[in-house]
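Order as written gives the chain letters A, B, C and D; numbering starts at 1 within each chain.
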Amino acid sequence: MSADVIDKSLETFVLNLGPQHPATHGVLRVKLTMDGEYIVHAEPVLGYIHRMHEKMGENRTWAQFMPNTGRLDYLAALSYNHGYAMAAERAEGIEVPERAEYIRCITVELNRIASHLLWFGAFVLDLGGFTPLLYAFDDREQILDLLESVTGARLTFCYFRFGGVYNDIDDNFITGTREFIKRLRSRMPMYHDLVTNNIILIKRLKGIGPISQEMCRRYGATGPVLRGSGVNFDVRKHEPYSVYPEFDFDIPVYTDCDSMARYMVRMDEMEQSMRIIEQGLDKLPEGPVMAAKAPKILKPAKGDYYCAVEAARGSFGIRLVSDGTNTPYRLKLRSPTFSNLSLFAEACQGMLLPDALALMGTLDLVIPEIDR
Amino acid sequence: MAPLDQVLALGRANSLWPMTFGLACCAIEMMAAGASRFDLARFGAEVFRPSPRQCDVMIVAGTITKKMAPAVKTLYDQMPEPKWVIAMGNCAISGGPFAFEGQYAIVEGADKFLPVDIYIPGCPPRPEALIEGILELEEKITGSRRWPRVQCG
Amino acid sequence: MGLAKIKQALAELAVTETIEVSKTVPAPPAAEGEEQGKPVEVKEMIEQNMLFTPEYAKKGYHLDVKVTAENVARSAKILLDHEFFLESITGVDWIKENQIEIVYDFNHWHTLCRVVIRTRTDRANPEVPTISEIYSGANWHERETHDFFGVTFTGHPDLSPLLLPEDADYHPLLKDFKA
Amino acid sequence: MTTELIRLLAFLVGIIAFAALNAAYLVWVERKGAAHFQRRIGPKEVGPYGLLQPLADGAKLMSKQLLIPDGVDPILFKIAPLMVLVPAVMSFVTIPFGEHLAARNIDLGLLMVFAFASINVLGLLLGSWGSANKYAVIAAARVISQNIAYEIPMLLTAIALVMATNTMNLNEMVSLQGGGFWHWNLIKLTFTASPLTPIAFLIFFTTMLAETNRAPFDMAEAESELVAGSFTEYSGMGFGVFFMGEYANIVIGAALTTVLFLGGWQSPLPFLPNSVVWFLMKMYVIIFTVVWIRWTFPRTQFYALLNLSWKVLIPISLVNLIVTAGWLKVF
C-alpha cells in the first residue's frame, strides 16, 4: 500500500531525526525524506561520536588498548574485552587456563543478559511504554552488582587480561549469580505477560519491518537481526571459541523476518544465556585464572590475525596487524551494528515513521560502537 | 536574595528537568539514575524532556566530538533561561581517556564552548555521583544545601 | 550448502588466471607483500585451507587471496554467488613500501570458512573499484575506508565522509597523519 | 438577581480553583502513581510525600523565559495554549458535582460539554501549525484525524444514552440513575436501556482516552517518535498551560463518564445518602484508571488507532444506537 501512496505525491519534506532524538539512542542522525508520515528515503548520518579508537590503538601498547574495548559497546563491554583478549592471545600464542575461560564465559553471558535487558526496556520505550524499562533496569542492577563485585566497574569493564582474567570469582559471586538466575527466571513470565503478549505490541511488531535473508547477506547483518531472519548463525556455535563447546545451549532462530522475530530472538537468548551460566557454575574447575607464562609486554609475531566473538549485537570481529613491536600496527574493529544499521536505509523505505523507529529499535543500536 | 527570588530559586531547584540527551556511556548511568534503584524522581528531577525548550538542565553525558559540538551548542541555545549545564564524566570534563596526542575527533571538555556549572568526575560516574551533582546544582541555585539532608537507603 | 560446494566455489576463485592464491604461511606473513608464496596446486590448497588446520587456529581465517585491484569485484561476485557475506572492508597503510592494502573479510553462514581478499594499491594515488553494487553493505565500509585512508573506490555512488565531519579533508589512519 | 450573580461568581472561582488544583495535583498523582507502578518512590523530598512538587514546578515554569522562536506565528503560538485550557474549564460549568452543586443547570448540558470539548483540538492544531516545527505539524495532523475519528463514536454512544433517558440535562440524567448501583446506566438492570450499554461504556471510555490524548493514544505528544509533538517549541508557561489544559480535559472526561454511566453523585446503595463525595470518588477512580493505563501500555500505531475507530468502534456504536432504539420501541 505504501509504494503507490508515495508515487502519487511529490510533496516531500526533509525531517532531521537526531542527533538528539529520543528514539535514536544516542547521537545517530537520520535524514529522512518524508511524504506525510511515509518515509521515501532515509540517509543515516554517522560520526557524531566518532572517537577514533582505531588510531588510539596504533598509539599505545597492546595492553593499554584494553580499556578502550570497554568503551566501544558499553552495554556488553565484556564481549569486546573477550574479542580483543582472544585476538591478542591468538597472535601471541598464549594459553588461557580453563578456569579463566569459564569465568570469561560466565561473565560475558551475564553481560549479555544485562545488555538484552536494557535493549528490551529501551525498545518498549521506543514504542511508548515506559514501565518495562524500569523493570528491566531493576533486574539489570542485580547483574551490575555481581559484575561490579568481580570487575570493579559497573559499565565500562576492563576485566580480561591477556592470558586470563584480572580477578578470581568468589563464593559470594557464585551464590549471587544463582540467586539472580532464579529471580530472572521468575520474572521472565512477567515480562512476557506485560509486553510480549500485549495486543498493541503484537500489532506493532508482527509483519512490520521485514528484513530478508538475502538483504542480510548483502549487508552483512549478524546477531539477533540475522537470527530473526531465520539464519542459524552464531559465532559461539559456528566458530566455537573459549569453552562454549562445553555448554549445551540452543541458538534461538525465528523465521518470520519481522520485528517480532528479532524481539523474540533476544528474549529467548536471555534464557539460553542463563542456561550457559548455570552450566558454567556447575562445571567451574579449580585452578589459576592467569596463564603462568603470559608475557607482561606483548610482541606478537609479524602478520595479521582475525578473531570474532558473538557480542550481544552480533559478530564482533577484530583484525590485528602486528609488525612485531609492542604496539599494534593496525587494529580494525568490525562492529556488528555498523553492518546492521547500514541496512536500515533500505529496509525502512515506504514505512511509516513510528514503524521505522520500531525497526530501528530492533536493530539494537549502540552508537559509539558504530562510530568507533 | 529577596524573598521572591528565594521562592523562585526553591522552585527551580526542586524542579530541574534534564534533557533526554545522551552522548555515550555516561548516558546509560544517567538512565540508571532515573531508574528504580536510584530514582532521581525523589528530587523532582526525573522529568526527562526530549525537547530542549522545556528543559532546565543539560547533562552532557559523554564525549563531545567536533562533529557533535555544533549540535550541542544549538541545543544549549534552544533552552530557555534560566538554564544550567552539568558536565558528566571525564570526557565532558576534559576529553577523558580520549584526550591523547594526535587525537583529532573530540572536543576536550564541554567547558570549551558551554558555561558548565557542575562537573561530575568518573568514567562513567556512578548514578549516586550524578545525584550528588544534581544536589550540588540545587545548592548553587538556592545558596544552601538541601534541607533536611538526604539520607541514603 | 555443504562443505564440498564451498570447496568447489573456492576452486573456481582460485583457477581464474589472474588471481593468485597463496597458502597462508605462518612464518613470513602474507601481508608482507614480497613474501607472496608461489601459487599452490589448487587441489592441494583446498585440502590445506579448508580443513580446521592449525593455520586457522593461529590466524583466524581459512583462505587468504591476493588479487589485483581489477579483480576485486570479480572475486566478490564469485563469493556472493556462493552465499558468502561481507564482514568488513578496511585498509592498512604500508608506508615503507609506499602501498595501501585493502582487506576484505568474507564469511559464510553455514560453513566454517572465512575468506580474506587483499589487494594493494599505490599510496600516492590509491584507487580500487567499488564492490558496493555487489554487496550493498560495502557502501559504508568503503566510505569509511575512504575517510581513513583516502582510497578512492571508483564507481562508488557517494564517497562523502561517513564518520568524519562533512568538511573533513584529512585521512587520519595514514601513518604520516598528524592532528 | 444579585444572589444569582454572587452564586455564579462563587461557582466560577470555585471551578477555576478546582480545575487548577486538579491539573496541578494530577501531575503529582501521575508522577507518584507512575513511580509506584515502576517500583520507585517518586517525588518525595519536596515537601511531605513530595506534595509541594507541583508548586515547585509551577514556580519554575512561571519564572521561565517565554521563548518565541524565529519563524513562528506569534499570535497563533500564544493563543493556542489558552484555547486548550479555557474550553476545558468552561465545560465544568454544567457538570453536576452534587444534587444542587452545579454552576448552571442547563437543559442542553451534554451538548455544551461536547461543543467545548471539540475546541481543544483546534488549540492543539493552531499551536502546532504556529510553531513552524515539522514534528509539531505531524503531531497536528495526527491529532486532528484522531479527534475527528473518535468524536463520532463518542457522540453515538452519548446519543443512545440520551434516547434512553430522554434528556440532555446532566443533572436530570444523574437523577434518573438513583436507587442503587443497578440503576446506573453502566449496568441498567432495570432494562430501560439497551443491554449493550456496558459495551457502550467501554467505547465511551476508549474514546475519552483518545479525545484527551492519553496513552495508548497519545499521538499529540508521542515522545519517542515526535520529540514532544505539538508542544515541541513551547517553553515555560506556554507548555505549562498546555499541560494544565490536558489534565483539565482528563478531569472533564472522567467527570462526564461518571455522570453518564456511573450515576454521578448517586450513592451505590439506596440506604446511603447521596453526596458530592460519591461523585468525586467515582471520578478519581476513573482518573486513576487512566493513569494506570498510561503506565502499562505501549503506544498504538497511528493507523491502527484510526482503524479501531472507523472499523470497530463506530460500527459497534451504530449497532448500539439501533438496538437501543428497538429496545425502547419494544419495551
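Keep in mind that, in the parts below, a residue touches a chain if its C-beta (ideal position, glycine included) is under 8 Å from a C-beta of that chain, and two chains touch if they have at least 3 such contacts.
Everything numeric here is computed off the predicted structure, so don't read it as measured data.
Could you quickly compare A-C and A-D and let me know which has more C-beta contacts?
A-C
How many angstrom lie between the centres of chain A and chain C, each centre taken as the mean Cα position?
25
Using CA atom averages as chain centres, what separation in Å is found between chain B and chain C?
45
Please compute the C-alpha centroid of chain B, do the same for chain D, then give the distance between them in whole Å.
Their C-alpha centroids are separated by 36 Å.
Do you know which chain C residues sit against two or more other chains?
164-165, 172 - these are the residues of chain C that touch more than one other chain.
Going by the touch rule set out above, which residues of chain B reach two or more other chains?
Residue numbers touching two or more other chains: 20, 35-36, 50, 67, 101-105.
Mind pulling the residue numbers of chain A that touch at least two other chains?
In chain A, 21-22, 47, 50, 52, 55, 134-135, 138 touch at least two other chains.
Touching pairs of chains, all of them, please.
Every pair of chains meeting the touch criterion: A-B, A-C, A-D, B-C, B-D.
Looking at the complex, which residues from chain B come into contact with chain A?
On the chain B side, the touching residues are 19-25, 27-29, 31-32, 35-37, 50, 52, 62-63, 65, 67-68, 71, 75, 97-98, 100-106, 123-124, 126.
Can you list the residues on chain A that touch chain B in the complex?
Of all residues in chain A, those touching chain B are 19-22, 25-27, 47-52, 55-56, 59-60, 67-68, 71, 74-75, 118, 133-135, 137-138, 140-141, 154-156, 367-368.
Can you list the chain D residues touching chain A in their complex?
Where chain D meets chain A, its residues are 34, 37-40, 134-135, 138, 141, 215-216, 218, 222-225, 227, 295-304.
In the complex formed with chain C, which residues of chain B make contact?
Contacts found on chain B: 66-67, 101-105.
Given the complex with chain B, which residues does chain D contribute to the contact?
31, 35, 38-46, 50, 52-53, 55-61, 63-67, 69, 223, 227-228, 231-236, 239
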